[in-house]
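First comes the structure, then the notes that go with it.
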Amino acid sequence: MSSLKHDFFDANTGIIDRRMFTDEAIYQEELKKIFGRAWNFVCHQSQIPEPGDYFMNWIGEDEVIVVRDREGKVNVLLNSCPPRGNTVCRAELGNTRSFFCSYHGWNFDLNGSLIGMPGEDVFYRSGIDKKEWGLTPVAKVDDYKGFVFATLDPDAPPLDEYLGWVGRLGIDFMATQGEVEFLDGVQKNRIQCNWKIAVDNLYDWYHVKVSHGSAMKLGVLSDESMSPMEQMVMLGEYGHGIGGPGISEERYQESEERIRTGEGGKIWYDRDVVKRMRPGVAEQLGPVGKRSFGHPNIFPNLWVALTHQVCLRIPRGPYETELWWFAYRLKDAPEEENLFYQNSQNHLFGPAGLLEQDDGENWSHSTRGATGTLAKTRPLNLSMGLGADKMSQDPSGQVGVETVVNEHGQRWHYQSWQEWMNSESWQELMTNHSMPPGEIV
Amino acid sequence: MSSLKHDFFDANTGIIDRRMFTDEAIYQEELKKIFGRAWNFVCHQSQIPEPGDYFMNWIGEDEVIVVRDREGKVNVLLNSCPPRGNTVCRAELGNTRSFFCSYHGWNFDLNGSLIGMPGEDVFYRSGIDKKEWGLTPVAKVDDYKGFVFATLDPDAPPLDEYLGWVGRLGIDFMATQGEVEFLDGVQKNRIQCNWKIAVDNLYDWYHVKVSHGSAMKLGVLSDESMSPMEQMVMLGEYGHGIGGPGISEERYQESEERIRTGEGGKIWYDRDVVKRMRPGVAEQLGPVGKRSFGHPNIFPNLWVALTHQVCLRIPRGPYETELWWFAYRLKDAPEEENLFYQNSQNHLFGPAGLLEQDDGENWSHSTRGATGTLAKTRPLNLSMGLGADKMSQDPSGQVGVETVVNEHGQRWHYQSWQEWMNSESWQELMTNHSMPPGEIV
Amino acid sequence: MSSLKHDFFDANTGIIDRRMFTDEAIYQEELKKIFGRAWNFVCHQSQIPEPGDYFMNWIGEDEVIVVRDREGKVNVLLNSCPPRGNTVCRAELGNTRSFFCSYHGWNFDLNGSLIGMPGEDVFYRSGIDKKEWGLTPVAKVDDYKGFVFATLDPDAPPLDEYLGWVGRLGIDFMATQGEVEFLDGVQKNRIQCNWKIAVDNLYDWYHVKVSHGSAMKLGVLSDESMSPMEQMVMLGEYGHGIGGPGISEERYQESEERIRTGEGGKIWYDRDVVKRMRPGVAEQLGPVGKRSFGHPNIFPNLWVALTHQVCLRIPRGPYETELWWFAYRLKDAPEEENLFYQNSQNHLFGPAGLLEQDDGENWSHSTRGATGTLAKTRPLNLSMGLGADKMSQDPSGQVGVETVVNEHGQRWHYQSWQEWMNSESWQELMTNHSMPPGEIV
Amino acid sequence: MSGVEQLSVQERMLLKHEVEEFLFMEAELLDSRCFDDWLSVLTEDIHYWMPIRRTTTAREVEREFTKPGGMAFFDDDLDYLKMRVDRLRVGRAWAEDPPSRTRRLITNIRVTDIKGEEVAVGCNFKLYRTRLNSEEDSWIGRREDTLRRVDGHFKLARRHIFLEQTVILSQNMSSLF
Amino acid sequence: MSGVEQLSVQERMLLKHEVEEFLFMEAELLDSRCFDDWLSVLTEDIHYWMPIRRTTTAREVEREFTKPGGMAFFDDDLDYLKMRVDRLRVGRAWAEDPPSRTRRLITNIRVTDIKGEEVAVGCNFKLYRTRLNSEEDSWIGRREDTLRRVDGHFKLARRHIFLEQTVILSQNMSSLF
Amino acid sequence: MSGVEQLSVQERMLLKHEVEEFLFMEAELLDSRCFDDWLSVLTEDIHYWMPIRRTTTAREVEREFTKPGGMAFFDDDLDYLKMRVDRLRVGRAWAEDPPSRTRRLITNIRVTDIKGEEVAVGCNFKLYRTRLNSEEDSWIGRREDTLRRVDGHFKLARRHIFLEQTVILSQNMSSLF
């Protein structure tokens, strides 16, 4: 039975069979079933404001051109030219009038349509249907509040439905802060780890004190902000999730009170509460969401960080992942606020980041270790908090669990991954996938 | 049915399934069914004039020693020593009295026979049949007008029959010019492309203006010579072909006339016609062949270029091809003529060549692009001129089509490749292979 | 039938199918069936004298920590941490109080037991059985005269039984010389060869004069010692063997006589006979063993060299082997004796060794050559001395053959390898494996 | 480069030698892990910067680097550099425990300008880093350094690092350039 | 090397410095893609040559390189070098669009001879080239340059390049050495 | 380094130049396979040593190298170095037949001490070796050389080689550093 096909994760015990990280066949299947089906983040509207502006990205191992056409529409096109499959664009970004292939000179419009072929009539005498031989567009493109996503699967549900309230909330954390403007410059580097381990880690508030012990001792970030006792988890359909710091309504009101009485800043999250007190924001985030300061992951691989950054984890084979750090500023925010964030953006994450430089070897060794003849048979334990928490459904419909450091997010990530891998189509996935537990068993 | 086993190329539409470029299993099969069966060019007689002279080459991924023995015979021997399979020769070329293995000192004569073993009688007491343990010779070696070929398959037809009139004509283009003497020095470099894409490209007169646009703008080569409207294609059994510039009998006679009246040189091909007016040459090339100035490919991978050069495309895995550029001079040609060609030989092709340096990335990206999950499912369009041309059988028996830039050669290359791959033996191939279309549909 | 599963070696002809060197599936099977079952040498007691001293080694592709605990017991632990499989130790050697994982800070005692987890009670609220989640110990650890071995297979026979008299004799060659003290510093380098070819070579006294011809001509070692006519072979159950110089009882007594009369040193082996004349030594080595000065191999991959060194050949894929050269001194030997050996240790073997630097390319080319389409089908000839020798069973029970240079040891190595590969378990191997021939056919 | 051209060739040679002595000493401090000593040859106001590089078409090649004040891999003042050094002391700086082994090949040293006490120096570099079982990383590029004479000795007042790579091929950049 | 030995060590030092200034400036022109400026430091009669290297036995090692006037990877006069530069301007020089990122590490500079206005200089080099998503090529070898003084400034009159590689491991050599 | 500091900057510059001339000449002798000439620039009492390096924790980093007198990759006196050279002549030195092609990039040359006729010199190196069809090896590290003036010319009296690698990634080290 296909539903038994992949059985690497046991939701009842939180035990993982680590072969999921190193098997080449599994990886090939992931490219089809995960990246080939999901809505993948490709860029933010503000990165390509003008007609002809383009930004290159990857959907699994397919390279795509994300380009704004003359009508202002964003198109996502496969970077592959019909005659021999040559790439028609080799820059990472730029502005162009059309895409001219360096092999035979076929020329494509900003929407991918074939607008020129050298000697079309003289050489292609039996004619060729130009409409049929443009650059292949992805199945669907849509954006949520400026964040552009694309999917290769025509059967994928609409983006809004795909994101669900958790995915949307993850983006709202950013979008409700004001007009988001992505900065020029994406930090890219490669880590010899499986992409799922990189994603797993964004939910991992247990590793911070140890993996990033040096940064904490230096006070790069405040102790409390880096490993707070109060945690909150929200899980969404199809694998989205938010995990990390989160506080009770009571604490939230205390914070508001501090801020009103000019004592804001006493606790690290006051800085965020201030913003959420701006008109309409708390309402948009909702009574549960507003109290979370955690890490959203838009399944499969978009991490929304607290530093006005998002990080894509692009698979490059079972043993390698490319990290892309995007940063943004708030157009209308006071300059010092943006400078405060840019400071973090240039010093915490990325290959030279005071935090992230210490992650790489742990991830690569966790992946590499999975190749040993004995090692690959040893179970991995992700049982932290398993069955220990109840999720409270808020009247608003938002469901969150207020708890301590845990591995709910990671388990949800792997469980969802397994459901995607065990479904042969979107239809099957829609019917088979688990709903986020109202109560985590 | 084996004939359906491989179905990557559709002759009716000219559409290719690009997985043929990246699949490792396909590649392993090619090594057996294509390179393991074909007559492969190994070197020219003039490269190893003296007894003991040797030149190393590859047949697929088997390294062979091409060596002239004391009787003046050229032997082609597998570079693999019986006790442990060590290589007995590690130089690219040289002169030797015998091949002495660096592992245990077995010594082999220039014809591969085992002539010495340290302590043969003392240690090999049960005896060993020296005749049985020499270096493995290839199945057959033969040459056509000095061009030496070898095949690993004893069932291969004789070289002459294998080449057929098209393969022979390709070599005659060179041989009829005078005594060919290969120059010392082969330019070797690696391109991350599939070998078939490199072969495909030699027929490709469509890419020249674009891929080599810079060279043309500089007038490295004359516009007319690089992308002439008048083209001629000749296709031969088993996959050989000649494609490129070719002119009508009328133009040919105009050229002869110009030359007679001392106005030769007006048009680029006058330079070649002059040579073909030498006694006997036109007759040897035939009424059709003499009017072609195109690119022959001796299937699978020997390109005969117009610059007094031949280029081997040696497979190094699905994703890599090694290019070997051999150059020759005409022993009796005026020095300035040879200098003219050497100039091209050192400046047009090879990794630093003003033309070829621009090919590599197109080929490697066309190959690499075939790995994307979506990209690999997209068809490639090789339909240029499909069904638009008629082939005229000349009374002489030569069949050529006079036309414009087209993809007849490439389609023939892929169609033949598929027939080789779908045949389990030479016998099957001989019965199954298509005859070159008297009329291309 | 599983017993037919692998048929790469023909004991009747000494012919090998070289695909055993390059097939990835074979290699993966070797990791399980050979390295996953055998007793593997991990280090010598003297390398980790103090509690907390550790030395890292590999069992196939599993990295293990070899560490002495507070009770003085040596533990061999898998370097893989339960939560994500991260490595808990990244140094090659050192001394520590515990193993602290850099990912989440789990802390393990010197016997592998989990002694600390950050926030165990607060975060792991459903509790976790610490006893179940320590570092995985190997199945068995034992030592023979200070040489520590470990096996991953609980069904493996006791070390003594596994070694048998030949394996034990190989170690006795070292142990009977006095108290062995391993030196600080292991020479490690990688050769692009299959590990079996490296092992095969240690029995190979045929290659010396040729592969190491330069060293011999320089007199780095005496001609006689490097390729003596008198050879002796002893073969042990499960693939152990000793091959190389060995002399008759008569010669042995002549040597003793020379030494007694102060004329010792005339012949190279007098140096060893001297030591064997020390009280009890000859008795321990036995009437046959004492007359051998050959190369023992403890199956699968531990070579005991004559230079007070042992060499591990660690597999790194079918095409790569890592060589680890360990050296020792005799605690109570005169300083000049130890200096004499250290001189050899620093100049004969290892990547810069005057002998070994010439081996690498022969081994890598013998492996690489096995990939050619034709080459891989060519048989390798290991028939030297096949059926030409009789083994004489000594009253003591020791069985040795006195002969000349031969390939008995190599054939035994490959035959045993095949028996291991054709057995699905230790039980099957114990019942199926051949006994060393009382008479080699 | 007026500043430089006013010098005689002998003066330039001498200056070049002094610069070289400083740069080689400074590189050796890093290679031999004397990080505190390294901090001591920096000026208080040092700017240590490595922009992000991107592949662009020939036509838009001026967009190759991110701009000062924008996103970067390094954009440090002395405090940040101190943090990078201090973290090695406080422990749990896993990227450097076990310590990396590095070697800096500094070549093509050229004095490009002189202003008062400051000398602008360009050089090419290959920073080689190997860890554990000889895992290897190489970072290659150009540096624009400014050396300032402080009581007779050079100190490093500015270091702008221009890597050739776009995607960083290593799992971190825990080394200093 | 008589030419050199007639000089005092001080003179050699000064000459070495001048040579170095020239070679580093020239390398920087190429690395920073100032190709026209680079052409301007060549003499009219420059010979720019890279022979083909082959693996031979120790016994026949004199056959290692192809001979002058024979087959070569580069055998250029000024016109050919101009073409290599001009092609970048005229467009459709795909090997260099997007432009490669190169870095020349020039080391072991030694003055080997002096004849009138000409100085023969040997050096070792590593030419690093990366393109697109950090695809990497490295070409390593030795150069024999001849510098000629033309109105007080050096110009490059001869460049013979001896790569260590036999098979060129890259898909092209669109860079200048 | 008192020895050095007693020198004026001019004196240091001159000395550095002499050292450089020697080291580049010596490297070229090896790269151009003039091994006998190379032996002739060594002193009778030369010590040529390369210890073994190991990965250790930051805490135990002092255990990184094996000690003098212990296990090593090279621990040669002149006789052993002669053997390494002579073997190439006598034949059957397969690691070098076909001969390797090597290139030594010597950088960061710094004079660290002066004692009488002896000059202690540190440098960084990349030794590149390619064989057959461009198989490649690179050894990178630091050298501590001692040069001794013998009748007015430098000779190499000591060479201690500190590679950055722990596991040697090549199938042999048949080259000299």
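Residue numbering begins at 1 within each chain, and the chains themselves are lettered A, B, C, D, E and F in the order written.
Heads up, the rule we're going with is that a contact is a pair of C-beta atoms (placed from the backbone, for glycine too) under 8 Å apart; a residue touches a chain by one contact, two chains touch by 3 or more.
The shown structure was predicted, so the numbers you read here are calculated from the model rather than taken from an experiment.
K.L.:
Can you tell me the least number of steps between chain A and chain F, where a step is a move to a chain it touches?
P.N.:
Graph distance in the chain contact network comes out at 2.
K.L.:
Count the touching C-beta pairs: is B-F or A-D ahead?
P.N.:
A-D
K.L.:
What whole-Å value do you get for the distance between chain C and chain F if each is reduced to the mean of its CA atoms?
P.N.:
Chain C and chain F have C-alpha centres separated by 34 Å.
K.L.:
With chain centres taken as the means of their Cα atoms, state the distance from chain C to chain E in Å.
P.N.:
Centres of chain C and chain E (C-alpha means) sit 51 Å apart.
K.L.:
Would you kindly tell me how far, in whole Å, the mean C-alpha position of chain D lies from that of chain C?
P.N.:
Roughly 47 Å separates the two chain centres.
K.L.:
Could you list which residues of chain D touch at least two other chains?
P.N.:
Residue numbers touching two or more other chains: 13, 55-57, 88, 92, 94, 97-98, 105, 107, 126, 131-132, 166-169.
K.L.:
Where does chain C touch two or more other chains at once, residue-wise?
P.N.:
Chain C, residues with two or more chain partners: 90-91, 102, 210-211, 358, 361-362.
K.L.:
What are all the touching pairs of chains?
P.N.:
The set of touching chain pairs is A-B, A-C, A-D, A-E, B-C, B-E, B-F, C-D, C-F, D-E, D-F, E-F.
K.L.:
Which of the residues in chain B come into contact with chain E in the complex?
P.N.:
90-96, 183-193, 210-215, 217-218, 220, 322, 327, 342, 345-347, 350-352, 354, 356-364
K.L.:
Looking at the complex, which residues from chain B come into contact with chain C?
P.N.:
Touch list, chain B to chain C: 31-32, 35-36, 59-63, 78-80, 82-87, 90, 101-105, 118-119, 122-126, 128, 133, 136, 138, 152.
K.L.:
Given the complex with chain A, which residues does chain E contribute to the contact?
P.N.:
For this pair, the touching residues of chain E are 92, 94, 97-98, 132.
K.L.:
Per the contact definition, I'd like the list of chain E residues that touch chain D in the complex.
P.N.:
So the residues of chain E touching chain D come out as 13-14, 17-18, 20-21, 24-25, 27-28, 31, 33, 88, 96-99, 101-107, 126, 128, 130-134.
K.L.:
Within their complex, state which residues of chain C touch chain B.
P.N.:
Of all residues in chain C, those touching chain B are 18, 197, 200, 204, 206-207, 209-211, 229, 358, 361-362, 365-366, 369-375, 378-388, 404-406.
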